[in-house]
Amino acid sequence: MRRIGVLTSGGDAPGMNAAIRAVVRKGIYEGCEVWGIKRGFAGLIEGDIVPLELGSVADTIHRGGTILLTARSQEFMTEEGRREAFASLHRAGIEGLIGIGGEGTFKGLLTFHRETGFPVIGVPATIDNDIGGTDYTIGFDTAVNNVVDAINKIRDTATSHERTFVVEVMGRNTGFIALTAGLAGGAESILIPEFPFDIETVCQRLMRGMRRGKRHSIIVVAEGVGSAPAIAQEIKQRTGLETKAIILGHIQRGGTPTVFDRVLASIMGARAVELLLAGERRAAVCLVGGEIKHCDLEEALRTTKKIDEAAYKLAEILAI
Amino acid sequence: MRRIGVLTSGGDAPGMNAAIRAVVRKGIYEGCEVWGIKRGFAGLIEGDIVPLELGSVADTIHRGGTILLTARSQEFMTEEGRREAFASLHRAGIEGLIGIGGEGTFKGLLTFHRETGFPVIGVPATIDNDIGGTDYTIGFDTAVNNVVDAINKIRDTATSHERTFVVEVMGRNTGFIALTAGLAGGAESILIPEFPFDIETVCQRLMRGMRRGKRHSIIVVAEGVGSAPAIAQEIKQRTGLETKAIILGHIQRGGTPTVFDRVLASIMGARAVELLLAGERRAAVCLVGGEIKHCDLEEALRTTKKIDEAAYKLAEILAI
Amino acid sequence: MRRIGVLTSGGDAPGMNAAIRAVVRKGIYEGCEVWGIKRGFAGLIEGDIVPLELGSVADTIHRGGTILLTARSQEFMTEEGRREAFASLHRAGIEGLIGIGGEGTFKGLLTFHRETGFPVIGVPATIDNDIGGTDYTIGFDTAVNNVVDAINKIRDTATSHERTFVVEVMGRNTGFIALTAGLAGGAESILIPEFPFDIETVCQRLMRGMRRGKRHSIIVVAEGVGSAPAIAQEIKQRTGLETKAIILGHIQRGGTPTVFDRVLASIMGARAVELLLAGERRAAVCLVGGEIKHCDLEEALRTTKKIDEAAYKLAEILAI
Amino acid sequence: MRRIGVLTSGGDAPGMNAAIRAVVRKGIYEGCEVWGIKRGFAGLIEGDIVPLELGSVADTIHRGGTILLTARSQEFMTEEGRREAFASLHRAGIEGLIGIGGEGTFKGLLTFHRETGFPVIGVPATIDNDIGGTDYTIGFDTAVNNVVDAINKIRDTATSHERTFVVEVMGRNTGFIALTAGLAGGAESILIPEFPFDIETVCQRLMRGMRRGKRHSIIVVAEGVGSAPAIAQEIKQRTGLETKAIILGHIQRGGTPTVFDRVLASIMGARAVELLLAGERRAAVCLVGGEIKHCDLEEALRTTKKIDEAAYKLAEILAI
């Protein structure tokens, strides 16, 4: 394989640049050329493809977002779109494609491979951590650290005013961000889609804490469970406690990546190149039990990652 | 004066603890006792008052929020409430009161003094910076740094997706936070209550930037101007650009105070003690032209602080 | 078991408070009392032991250092000292001891158990990550993030002045901090005790980078390899490049723990309680392949943790 | 004036990029061209000069260091060197020069103007804050915030081990950084060149604090007073307290600039352009009592900025 293409697609995640850097430098080290495709599958269809040199990725490892830009492409969801994408790759002389992104990216890569036979490798990068087959996705650690930073700030004002705060975090229909940030942030309750909860129990827990002398409470809510303002309103009605809602939104997504995300992205990016060179045609890189491995893209998509029930119970015990 | 009382009231602001620490240690250094009143005027009415030692304020200078807690008291707005507050102070043997807070706190102190003749000193602390007579209030610098941190994070995702973001910040009916954070954050437009704006002009500015190659735009909106989601919606309709809204909310208020706020709070807190000991009866500490001074509480309340028009124009020029 | 003792010993590590909090709350949840021993083994000998309640560990999860204080005790290295420690535990009615710390702590626990038969559990906490049997120790992730923050700042000045910086980091006689921080910080070279290096090769690498247009270089050096000033001096002599040295020192050790360290500490602390209650008498908690397990304290001490050679080679490739 | 040159010189300071950005955009707004000179006076002599567009300074306001690079030039200290610099400016068609830097930069600009009559404007940027005529220089606020962040981290380990730390900070032969960071960081003692101190008194203060229950102490030392290791050694000998030294070094200099520095740099950079266009020939921009003004370069160099004695005494009182 002489020329590799790389793109980022879907929601941006901190560490994507570290992954791009690893693909470029590892690729060149192995004697390949690496070309960057702008704005994900959209740029692939348009042929917005540029050669990347060692220096193209200098001073990028610490930057949030993605230097290749990203987008969601409706056109790539059509067969016509994917045919044009294939033609672009052919014209550019690219022989293998590395796609960095989440579930949508993996689906796009797999469909594209099925139709064209083109070799594709997926690198899991999404703050939501909701990709099967891998223990962690690139961007998740940074996002939860962002959330916990925000909780620290909210706690200052919560304590001073003796208030309850309901903090809504991202995660699509999963609770990975909420559970991890809630456990690390010392949240009094964590509401996630994976486990049913009863608002009355949450309220009783709150009141019990108040009686025991707690001056404030933080409740972390995954977006998949409902909206923070509605939950805050309900709690206020049931308990009479002054309860505020805050939706963290896009600040979760940005910022310089943590060491964990930079290292994970560097190793995964390099591994993606190795897999292409070793003849893999539709693999996903993954982290399993502390080791970098790979699986079939289809398997990664079929598997549903389980949330850690023990951690959920521990969070309840520790926030007693 | 042998015994001084200190309280924090209204919205909490980073640096309040540094101000309390300075009141306590300067007071004790000058041979006084310092007593802390919990939860602002509410605690004053209830007599929730405790003696503070040198060690009571150890390891607090870097903490956000207020160790004395804060609240808004309806009762203190009644003559009856203020009579009880006066009785509490009398019972506790407190001879002078230092109130750390914003406009509401200053109003409370002034009314209280008028009715009772009790010596009061106001220390301006509010993230909104909307107190007359002082160039800066305690907490403002930390809040704008919090906003700019958030803008940095939002910019990563804005750039990667080539999107426009409308970021709503605090400030009540003023634009101090929005203007300063917008100037420092390199915002493309800043919408504040002090200057009328035309949404069509904002949109044309946006489109002009896009034509010149800008890949993203940040628009900072003061809460006094309108809600971010509504403005984002309007921009989207007029320009067709994908426009997201984010309301920063309470994360602006928390966090460890900046050096500027810690130093300002330390000097102002100590000055408040000096003023009481020098016989001032209803003064507000203020920072004017880089110097710590004081003025009559009434004057501080009567004066409306002007926003810096030159800075507003400069922000427009620099975000060209 | 009705009463559990907990102590921190040796160098402090961010996350120790999260571990103490987990021991206390999990212990109480399981129906035990938890008593805290101050200043490690020194306080054990002196009988400086206090009961801890649920509220004793409120608002501590985000704090660096250790609320139980820590020290290195010469006396505990003697049989006489350990006899007094045993007497203290007996007097306090403590039936099992959880020690949070590094290699020295584990050695102390093991010797103590051997002599007295007293049940002990070790929780691995040291920024150096140099404990066998566990993939990560509490505090390591925070320390490397601190180092990478510092590298980010140094890089600004290195770029502006087109200089080479030699940055010395902690790690005792291992290279875990240096390798991870160097990989994540994009260091041009990483010098660690586990792999021999040739200063001439380092210099040639530097010069090759300069010829390729690199405007600055960061070399990360583990303290076990030599001192940064000496290495900087040698590089300067061989290359003529202006080379500065910086020893990061104790700023690596402090600061609020990362999410990774808070979660690891919470789970490990809770597991330590479970192990005691399950009748373990001399176990070490460990993280193996993403799972919390335990092993014999002796095994943890006998095993030498291997550094990741693949990561070392990857760092070289990516810094090309 | 149709074409303006801009350079940064001497030690880099956070906010220099914000100043460059302001010069470029304000200059272009006023109808001028702005050219950037690389590596300060060295690049001026070599003619390393490039045109800057609006987009050249996009996404730079938040970056530490200087995109124009900086250096110290021996050659510019000679008449011959300055003649070549003048020839470079002439060849490039530049009619006025804005120099961003510290004392050395200002001296270079003044000498250059005296010999050639070439219009020059100085913008004060140095972390040391040691330029006369201005209350604050660009970079100082960021540097002291960096120092206080480091002190926060050191305090965690100092408290846990009940140790004394001597922290050496920058400032050349002044104590501005040490005093401000020491006051904001709650340092127990602050040693600066402007006020004589007696090591015995420092030690007695330390011991008094220990007797009163202080578990740790931070002593901030300006580099102009002596080296931290020597002072730590002396304290240890006199008091028997375990005392550690740390030299913060270049981490003080880097990092994203604070809001204060970004705003100051933006306003000063724009003002420098206005001054050139208004016909000023050798002015320095300055901040006096909260207002941006200007003075003669010679006056800025002749004036010695006084340290705030009241703040020094307050720091002693508050660290009681």
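Note that the chains are named A, B, C and D in the order they appear, and that numbering of residues resets to 1 at the start of each chain.
Note that contacts are C-beta pairs under 8 Å (C-beta built on N, C-alpha and C of every residue); 3 or more make two chains touch, one makes a residue touch a chain.
Every value quoted in this text rests on a predicted model; they were computed, and no experiment measured them.
Shared contact partners of chain B and chain D do not exist in this assembly. Between chain A and chain D the CA-based rotation angle works out to 180°, given as a multiple of 5. When chain centres are defined as mean Cα coordinates, A lies farthest from chain D. Chain B and chain C, compared by their mean Cα positions, are separated by 40 Å. Inter-chain centre distance (chain A to chain C, centres taken as mean C-alpha positions): 28 Å.
Inter-chain spacing, taken between the CA centroids of chain A and chain B, is 35 Å. Contact with two or more other chains is made by residues 152, 155, 159 of chain A.
In terms of which chains touch, the assembly is arranged as a closed ring, every chain touching its two neighbours and no others.
Residues 21-22, 25-26, 28-29, 54-55, 58-59, 61-62, 135, 141, 144-145, 148, 152, 155, 159, 180-181, 183-186, 212-214, 256, 258-260, 262-263, 266-267, 270, 288-291, 311, 314, 317-318, 320 of chain B are the ones touching chain D in the complex. Listing the residues of chain C that touch chain D in their complex gives 8, 12, 14, 16, 39, 63-66, 69-71, 146, 150, 152-157, 159-162, 165, 215, 244, 246-251, 253-255.
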